[in-house]
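Report on one structure; see the data block that follows.
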């Protein structure tokens, strides 16, 4: 699905002739061509009409790239990712960008709500582009980069919820969730790091993409990327810490359980011994000679005293 | 709220005409304009009168930046943070600085006791500024940087208190506090690191802000930043160690509890067996034939001997 | 075993005269000579005829090198590895490459399915080489590098399977497997890192191997290497996390077991005490005076109530 | 307290006139002025007479600096630390050095045995200085750096002693000591690292301090610093490992304790059951009908057999 | 003990006159002088005759250096280490090398089997040196570096053996061995890293030692060093993992022990209760009224059923 936006505000249909007309009008008119879920016709357009390098066409076909910027003679080819969440799993959506002197071509498989929205804003108010193709490029890249923020916010919320859950319950499910979330965050962090590095190279080495007058704006985008990376880094630290807290909580509970066992055993084992003692056959002979009521009272008293001593002892240790 | 301080010691009100007069007097008079909790009028002043770049105005409006220094044609724009504590959570207060040839403009949302105090000192003794705007800038930056020290000292005290608590009691609450403090300190460390790096770039690359004659002074400020970062780093190490100590303490306690259980069980299970043995029906037949008193004495003797053997054994192992 | 492929599509036998003819034909004809399991004749060919440096011949003889690229006056000597799996152990297969102006010579001990397949494809369709020896070199290196992907995929599957197994069963065997897999992945990661660094130097410094017109293609190969390294890195992280999960799972289970023990002991120790109490000799005297049936009912009632109280208590704690 | 040493061997008193005379004698005579526990007169001397920069005077007054070297127009200002031990806590003693063309001024708060000793040696044999102020500077710095070695040796001994203690006893006290020592060593390591970096910058950038002809000697001092840093690094590793060993030892012991409990419970619970069984009321009826002696023998035999089976089982498992 | 080898194959005795003659023969003849366990005469020879810098002489006297290369006007001074094993402890044997235009002087305290062997080979076949002193230097350095390989192989074997031992037995001794081995390997790794860095600087900066025509050969030696470092690094990883496996194994065992205890307690505590129940005094009254045989059968049946239910339950949980 092709969408064509021009800096002039005129938005012709995405027909190939129209596109090529924009392309050939000697930099007089800037345009942005967005291709969603490209088919063979699109690949052919890019390769035959625009004459992009076969390697870049192959990259678009195969997907599964890393963030990168390659510079060719007349254009730059960039791969940027937008992170999405699919339950706890991360979904990285590839976006390919061809940036030439007066055009931007974006190619992506899945529909991108953010780009769509930007296109509509540009439709309604073409003055947003300041009449410069470089400004459209900035707007598109800025939009793509900022699209990852909601994902980080969502992960942050989940980690917060998980932290509370751990100290409360420390179930095996919580452990599995920490592990999965950590996996997700590590992956996200790695990809954000790679994207940031690519972007830094872009700013420092100043390739086509980064028209001189846009430097200040791209510095801003770069700052956003650094913040995203740092957030992912911080989430990862939190999850590592959560794993430790989980382990400590489980240990703590084991201690509580063992204390309970010890208290029960300490209370009743001596009592059982006493009942056994008074139940011995010769003990019977001994005690039966005197008043059975006194003997009974004595027996019960022994037990009560033993129990009280133990309870005092447990309380001093803080076990009950 | 605008406050205006000039190097001459004359402190006109914060009216826009006065400010612009200082600004336009061709570097003859240096001034420091402090804007607290800026409103639309302030934003307009900065954008329309001072003609600062729209991006920097946007940064000020949105807050939530990272420490940075951007250089524009006629001025530098710096973002510095002051750390504050809100219970165990850290509160980073953004300060935006515009540094021009003869002026410093500071913008911040929350009131800053430290800057207020500096302004009063400059009011009373204008000679502190040595009549140079660059010296005011140094004083303001030095004040902002040093404002983070008390926070570090407070964290240090809390970590110390926590350490003592852990080995004493090792409660689940202590664990949660370690975790939260570690989170706070990590965040603080990350931000101090970023701030330090920004500042180093500042010193090394020598942009406007750092007037040639102030280099020595800024090197001093940089040293303070390095010390702050190292303190945060050291606190983080301590907390990581505290987590390990916590885990070990819990394990140790579990061991103590289990020892207690084992001692109790070892003492009373054999005794119970003996009472049971002497309580068996045929045992009754056997023992009753002879002197019941002797039998009783024998039974009790067996128990005492068994108990003494065990107590000896436990003491040798160091369990009691 | 020698295999000779030429850019012209004519594929003479691997006789030494034929090879030397290709070699001496003043760059008119490019060729690729593949030597599998070299014998003395091959070593002599390389040393005496091609006059390669004795050090490189020694490297080929001894194997056990690291990934590297050395540049000699007329050729480059590169060592690349292909990873294979042998159960859970990794097998690194060394490949030595001599790259000259119009030739590529590959030497390896073990048969390489991937190179064989490439040779057959070049046999059938010589136009694949674009008539340039540099393109054959690219194809061979690309093939060798990509041959490691299936190994990474296989490891990825095993790690996934292991993760599920751990939380299910957490056996000692699973632990040993994690440890072994981690060892394997660490080794793989180290070697992929070294290979990537070597390749980067290759691209950046531009030695013979990387003929100017192939730069774009080698950048692609480099991207594959980076992805391989990152995958290994990610697997390592996963396995480290799996170790922690394993430990937590074992702790959790210990807790469950101890809970079961505590429940059993807490239920039956008091009951045993009660039966012992009612079995005491004087207790007999006391109770037998009144209705034995009432006494029995009372005894059983005490036990039932004690048990119910305990069950309620356990349920509230979530133990049963 | 001022001490004045000159290269000529003449050692005038520390009176200000004498010092200033040495200072002004146009590099003809080199001298070393050592100021211990400086008072206002000393600060004034440094600021008014020597005209050192106010910032350096402030540094001396406030102490609490980091290792650093600043270069001013006519002299270098260096901050070096000597580590001392105060129980398990580390005490860092600051030393400030002013190094000019023909003089060295050292300022420190606490008495320094090492410097004192060096001064006495220079008193007795002025030829040690080779008549060059630069050589005195070298000797002083070498002395200060080497003064940290005994501290490292002492820490090394303590860590060794601690290691033996852990595997023997693994008390809570040992844990606290590991933690404290690790804290101390980390701090020491951080400061040694900073000092080493400062010194490297000194050697590489070659500021005044390092007179050309002394380069070889300072390289030696630098090597000592690197060795100190590596020792601290190694101690830190050892202590981290000791923490792990501690945890493992505690776990191991818990296992031993639990084994003991299991053995005891496994031996006596079945025995108690058997005594209980033979003590049942109807069991009495059953067994009493026949020979009570046989019944008794049978009962005891059952118990002995049960115990033997269990003992065999425990030995096979290696528990007893 | 002095040994003198010349490139010409003539090997005069180690008398000082002979050595000095070789030295002064204006680079016509290259020689290698090996000094083992130097005494005062040797130190004097080096300092007075060869006029080496006093600092290097001091280094040789004091030993305890780090790997390093210092360049002096007419020669290079290098410190290389050979690792040996002394039980589980590592022994680093220092070798000092003076490398001049036409000579190599090696100084070491302990006898070095590897150098001895090389000397004998050079005696027998002087053509090995290609008549060049630089080649002798290469051979000596190569020999010294490769002498560390057997130590690494031995450590590798020990780590392998230890791994098997841990999962089998997990004794406290094994833990201590892991700890000691890790210490050894860390130390070895640190020293190999330092040695590698020194050597890299040697190759990159190209000081005297590395005569232009030997570059290719030294690159080979450097590759060996990198491999040694990587092996030590890998051993360290393995030992860290072994520590984790140890801890997990102990935890696992604790779980097994606790399971055994729980099974025993769960089987016999209810049985004891039942025997106690049937042994109660009033129970006797109740049951004795009817058929004692039926009562006995009923009692035993209750016990058997209770036991069977429990056994079924344990099997389902996989405990027995």
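Should a chain be cited, it is by its letter among A, B, C, D and E, assigned in written order, with residues numbered from 1 in that chain.
As a convention for this text, a residue touches a chain if its C-beta (ideal position, glycine included) is under 8 Å from a C-beta of that chain, and two chains touch if they have at least 3 such contacts.
Keep in mind that what you see is a predicted model, and the values were worked out from it rather than measured.
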Chains shared as neighbours by subunit D and subunit E? none
Could you work out how far the Cα centre of subunit A sits from that of subunit D, in whole Å? 41
Separation of mean Cα positions, subunit E and subunit C [Å, integer]: 25
Residues of subunit E engaged with two or more neighbouring chains: 247, 251, 254, 258, 261, 265, 269, 272, 276, 279-280, 283
Chain contact topology under the given definition, line, ring, star, complete or other? ring
Beginning with subunit A and continuing through subunit B, what order do the ring chains follow? A, B, D, E, C
Residues of subunit A defined as touching subunit C within the complex: 53, 55, 65-66, 68, 70, 72, 172, 175-176, 179, 182-183, 186-187, 190, 194, 243, 246-247, 250-251, 253-254, 257-258, 260-261, 264-265, 267-269, 271-272, 275-276, 278-280, 283-284, 287-288, 292-293, 295-296, 299
Which of the residues in subunit A come into contact with subunit B in the complex? 163, 167, 216-217, 219-220, 223, 226-227, 230, 233-234, 237-238, 241-242, 244-245, 247-249, 251-252, 254-255, 258-259, 261-262, 265-266, 269-270, 272-273, 276-277, 279-283, 285-286
